[in-house]
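Here it is, the structure, as structure tokens.
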Amino acid sequence: MTTERVSRSALTEVGIGTEAPTSVVLRHVGTRVERMAGNVFILPAVLVVLFLSIFPLFLSLSLSLSRLKFVKGGFEIKFVGLANYHKLLFGSEQNHFLGVLGSPSLLGWLFFLGVMAFLIWRLVRYIRAGSSSVVSLVGRVLTVVLLGSIAWLLAHTLSPEGRPGTVVVTLLYVFIGIAVQYALGLLLAMLTTQRLPARRFFRVVFLLPMMITPVGIAYTFRMMTDTDKGPFQPIWQALGLGLYSWVNDPWGARTAVIISDIWQWTPFMYIVLLAALEGQSVELMEAALVDGANRWQVFWHITLPQILPVSTTLILIRMIEAFKIVDLPNVLTNGGPGTATESMTLHAFIAWRTLDLGGSAAIAYMLLFLVTFLSMSYVNILRRRVVEV
Amino acid sequence: MKVRWFVIFVLLTVLVTLGAPVATVVASGPEKTAPQEKPFEGVEVNVLTFTGPQIAEPLQRRGPDFTKLTGAKINVIVVPFSDLYQKILTDMATGTNSFDAFVFAPQWMVDYIIPGYLEDLTERVQNDKDIQWDDIAPFFRDFSATYAGRIYTIPLDGDFHMVYYRKDLLEKEGMKPPATWDDYLAIAKAFHGKDLNGDGDPDYGSCISKKRGAQAYWFIFSVAGGFIQSLGTSQGAFFDTDTMKPLVDNEAFAAALDIYNETTKYGPPDELNLDVGDTRSLFTSGRCALSMDWGDIGTLAIDPQTSVVQDKVGSVILPGSTKVLDRKTGKLVPCDEKICPYAVDGVNHAPYAAYGGWSGGINAAAEPKVKDAAYAFFSYMAQPAQANVDVTIGKTGFNPYRISQFLNRELWVKAGMSPKAASDYLGAIEDSLNSPNMVLDLRIPQSQRYQQVVLDQAVSQFLSGEITKEQCMKQIYDGWEEITEELGREQQLEAYRGTLGITK
Amino acid sequence: MVIPNPFRRRSPVALSPLEMAISYLILIIWTGVVIFPLYWLLVTSFKLPIDVNMGPFYLPFIDFQPSLHAWDYILVGDLANDTRRNYFNTVVVAPTSASLALLLGTAAAYGLTRFEYRPRLGLILCFLGTLVIVVAAITLGAPWQVAILAGIALFVILVQTVARRFQRSLKNSDIAFWLISQRMLPPVAVVIPIYVLFQRLGLLDTHLALIITYLAVNLPIVVWLMRDYFQSIPLELEECAAIDGASRYRIFWSIVLPLAVPGLVATFLFVLVFAWNEYLLALFLSGAKSQTLPLTVAAQNATRGPQWWYMSVLILIMIVPVIAIAVALERYIARGLLVGAIKG
């Protein structure tokens, strides 16, 4: 990142060069404190995170490779190798975790082939460019293989005969949810930066959903989605759906979860984008308008590039959080009907609640793997490009 | 470079040191020496249970009385119901032991007993006259509170499934309360789609909570019990007591699945997403002709804050079957005196003590004096003078479990039940409690995995049409076998036999 | 074009009446979407169980007779003690941890955008290895003073012997990614280890345990959000200040931070809200003394199904303070950065 290097060298030179020549001792202390500035800024944060993350990370990794069993006098943790993972991917939990595979519909094939074509095209282009090292080539091939398998899984489990497992359901929640939340958040943020009366009222109101405890939101939406004694019952009846309940239908239930998720998290997108829009340079905009650009051009060429860095961060953070979705499906449907709304975290949570700590940790690690992989690809493909341009 | 790492360690040390003073404060608990007028003067007992008002309320209410009597202070600590099991186990397994006693579902007790976390209460109970142990219904005394012949918990509550029906509707149509599941389906069918509470909207024949991750996996065994178990509690309804093979791949369980699935036809459209809270409110608002539930509907139905069906509710023992499982062949065979010794009018009933009734247990790692005080408190709560009043109060969530609680119906009338409602309600409870063929809930190590994970998921998938009946049975069978293999068949079998009171 | 007052800058584009109408329509629709569930909570909090069960009723006094029974139960009656205590705990824990997270996280974000860190991989691995061994030793029951001293010794030896051979180093973006990756594991996977950790430290059921945990959990978010804000603040200003002899800390404190106020406020709101509402970690790290309010909310679903009326009251009393803070801070978000003015 070029800006950082520039800044550092500039400040280093300037900072040390202008040290006031008071006394030798003081100066010595002063430069030392100054020289340590970088560490003083970052170390407290790194240490706190380290303090609470290293141990849990290793302990849950070792749990995922073992089985907890209660025996006389206490418990025993038995090492079982990859058995917990094997169970998820190939054993008795496969249908639950990955889903039931069916032959994809035409649309499914098109989707899969499209994704593969894009990935392979990128790879070929990269190799042709000639500046490839072995490590990054392996990395890129791995990316193609993994993204390809995810596309394959989506195409097969979302087919008419297939049934999505918790992985696919989670992916659906994450991607549909984030897309809608971002679009809505941006729209609302743009509207509330306009010169509208009562703007401040809207700004506070739009933040409200974020402030409710997630469990509370989940229960609130259980009331909302209840078509028997919930507030939308008359509308439901009027539509002639009295004997149909959407939470009993797999796709209906998933929709209910996604709608609640959108309600809950749009404010997060909204407030960050609002701050970003507030912070953008107005001169550029005005200059463009003076030059006769229309509003769409201003948005596309001026506003969007300015909020892109924040947007990519925002989507990354949201993505990481969204993969952990658990309260909504847990309270709204408990993962039902069948396993239709069960997310990976809920899957892990149910196992955890019944003391299958090994199985639960294995699911959590699969999730960690998936999120790390997806967010690294995201950072490499998108964010780096956006931020450095 | 060196300076930087020095700073790291200094900071790390500071972080750790911050904890030390707090640690010492926590470690040196309150220790007062007081005059010995009262047996437990100065003793504090931390009792963990879930946030009420049910269960926690009577403990909190009677705590001060107990302090006046004995000097022991009772601190009731509550956590959300859904996480109580984990919280208790984590506290004891990590050696934290911040709680001295627990009020929990005895279904979990084997997970606590095998590692040695729960105190054996046998001697204490035997030396305690005031608790009137013989007055407690035999099922709770001999099965619910004991494991392998030793007493570990003090029952405070009686829990089992019953069927509730709308007495007014059935009488008007000249129908009898259901004795078999076929009767149940016939009644449900007859009333489904009719207006049952006079608001003009069509109502439902049968409301059963079938939400996943809630109570659905108990209700399926309430249906299956009558088909599977006929020779008394110790026959067991979940596994073969010789081989630990699951009893779910047979005609009996298939029949139960069919019935369970058919009740959905006569239920609310979102029945698969209803938990007991929802079905109770549906029933008490007059929208269902039939419902299957624990004892709570009985007390909720008489409360004008919650109910429009006061004095219109009857309850009966769980319906049964005229055919039962022949465990050798896996086929259903008609009842006769030999295979259904407890049948009533040819129908084999097997009331299901799902969950088991909240009970008090004591942490084996607590101080001896604290243990004594905790026992004295549970004994106090369970003594008829207190218990027989508490079971009549709806808010307590305590349901009857003592014989004297049936004999003295005045208590119930005093609490607001009409004499007739009291006799209906108590009649069904008495029938169930006196049944020697009660089904004991599964309580082997990690029973939660057998039920909440494998059984619950398969049944839910079956009801929602994700899998067929055959797949469902196979999935439960394979899933249970997998867990049994994982945990060791011998150990699981021994535990299962232990809970059923079978000694070699 | 000169902007007279930098605090009142908005989009320079005036809207036509039609656009205005459409904008309002969208805003009002979304307001409705946001408000309606809250309204429903409000009416539910005044309903008797039977009013909830008998079907949807919308208007108090017209549809149903409102009752204060739920408010009474939560604030005056049986649950009042629990509510008060948990409310107090939440008020102590959430703002403290949010402020600390903001402080440490902002500093780290500033560091990551203005300095170049090249921590060597070998050193890090040695450090991690030592840390794991120390923590494991403490967990297994070794006295912590001994464990830490032994750890320091071990680390010095490792650095002298092994670490010097590895010369690969990490970049700033790697550090940032490592930080955010700490949020990827779902809480269920880390809650038992964290419980054990605090248990060994004797910190269970204290405010401190919750504050430290929420601090660590929220730091990555602060770092990431603030990093982007700092990247958008021009360097010239800081360089000028440096020439004038200001120290780094001073530059950070009196030049950079004021410029980043909107980002700081937005970020603070998040971490405050996350800490205010967190459930699972609070459940395990707290006993009788330090329970927080989300536990009380979740607890209203017990053996008799969700107690909607109680739950509604609790949710409402939980959001009131956060709304107050949001209203108070809203104008700071709206103030905008001074970037444009400075550049001009």
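We call the chains A, B and C, going by the order they appear; numbering starts again at 1 in every chain.
Quick note on the criterion: a contact is a pair of C-beta atoms (placed from the backbone, for glycine too) under 8 Å apart; a residue touches a chain by one contact, two chains touch by 3 or more.
Just so we're clear, the structure is a prediction, and the values are computed from it rather than from any experiment.
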Chain-level touch network, classified as line, ring, star, complete or other: complete
Best-connected chain pair, where connection means C-beta pairs in contact: A-C
Farthest chain relative to subunit A (centres taken as mean CA coordinates): B
Approximate Å spacing (C-alpha centroids) for the pair subunit A, subunit C: 16
Whole-Å separation of chain centres (CA-atom averages), subunit B against subunit C: 39
Junction residues of subunit C - those touching two or more other chains: 52-55, 192, 196, 212, 298, 301, 306
Residue numbers of subunit A (touch at least two other chains): 44, 48, 51, 228-229, 352
Residues of subunit B touching at least two other chains: 8, 12, 15, 82-83, 281-282
Partner subunit B, residues of subunit A touching it in the complex: 36, 39, 43-44, 47-48, 51, 67, 69-75, 92, 96, 163, 226-229, 242-245, 247-248, 250, 253, 330, 333-340, 350-356
Contacting residues of subunit B [partner subunit A, same complex]: 3-4, 7-8, 11-12, 15, 82-83, 85-86, 89, 93, 111, 114-116, 211-214, 268-273, 281-282, 445-446, 448-449, 452-453, 457, 460-461, 463-467, 478-479, 482, 486-487
Subunit C contact footprint on subunit B (complex, rising order): 5, 8-9, 12-13, 15-16, 18-20, 22-24, 26-27, 46, 50-55, 57, 60, 75, 77-83, 87, 90, 94-96, 98-99, 199, 275-278, 280-282, 284-285, 296, 300, 304-308, 397
In the complex, subunit C residues that touch subunit B: 48-50, 52-55, 69, 78, 82, 123, 127, 144, 148, 152, 155, 159, 192, 195-196, 198-199, 201-206, 208, 212, 283-284, 287-288, 291, 295-296, 298-306
Subunit A residues within the subunit C interface of the complex: 1, 3-8, 10-11, 14-15, 18-20, 30, 33-34, 37-38, 40-42, 44-46, 48-60, 184, 187-188, 191-196, 200, 202-216, 219-224, 228-234, 263, 268, 271-272, 274-276, 278-283, 285-286, 289-290, 295, 298, 306, 309-310, 313-314, 316-317, 320-321, 323-324, 326-327, 331, 344-345, 348-349, 352, 357, 360-361, 364-365, 367-368, 371-372, 375-376, 379, 384, 387
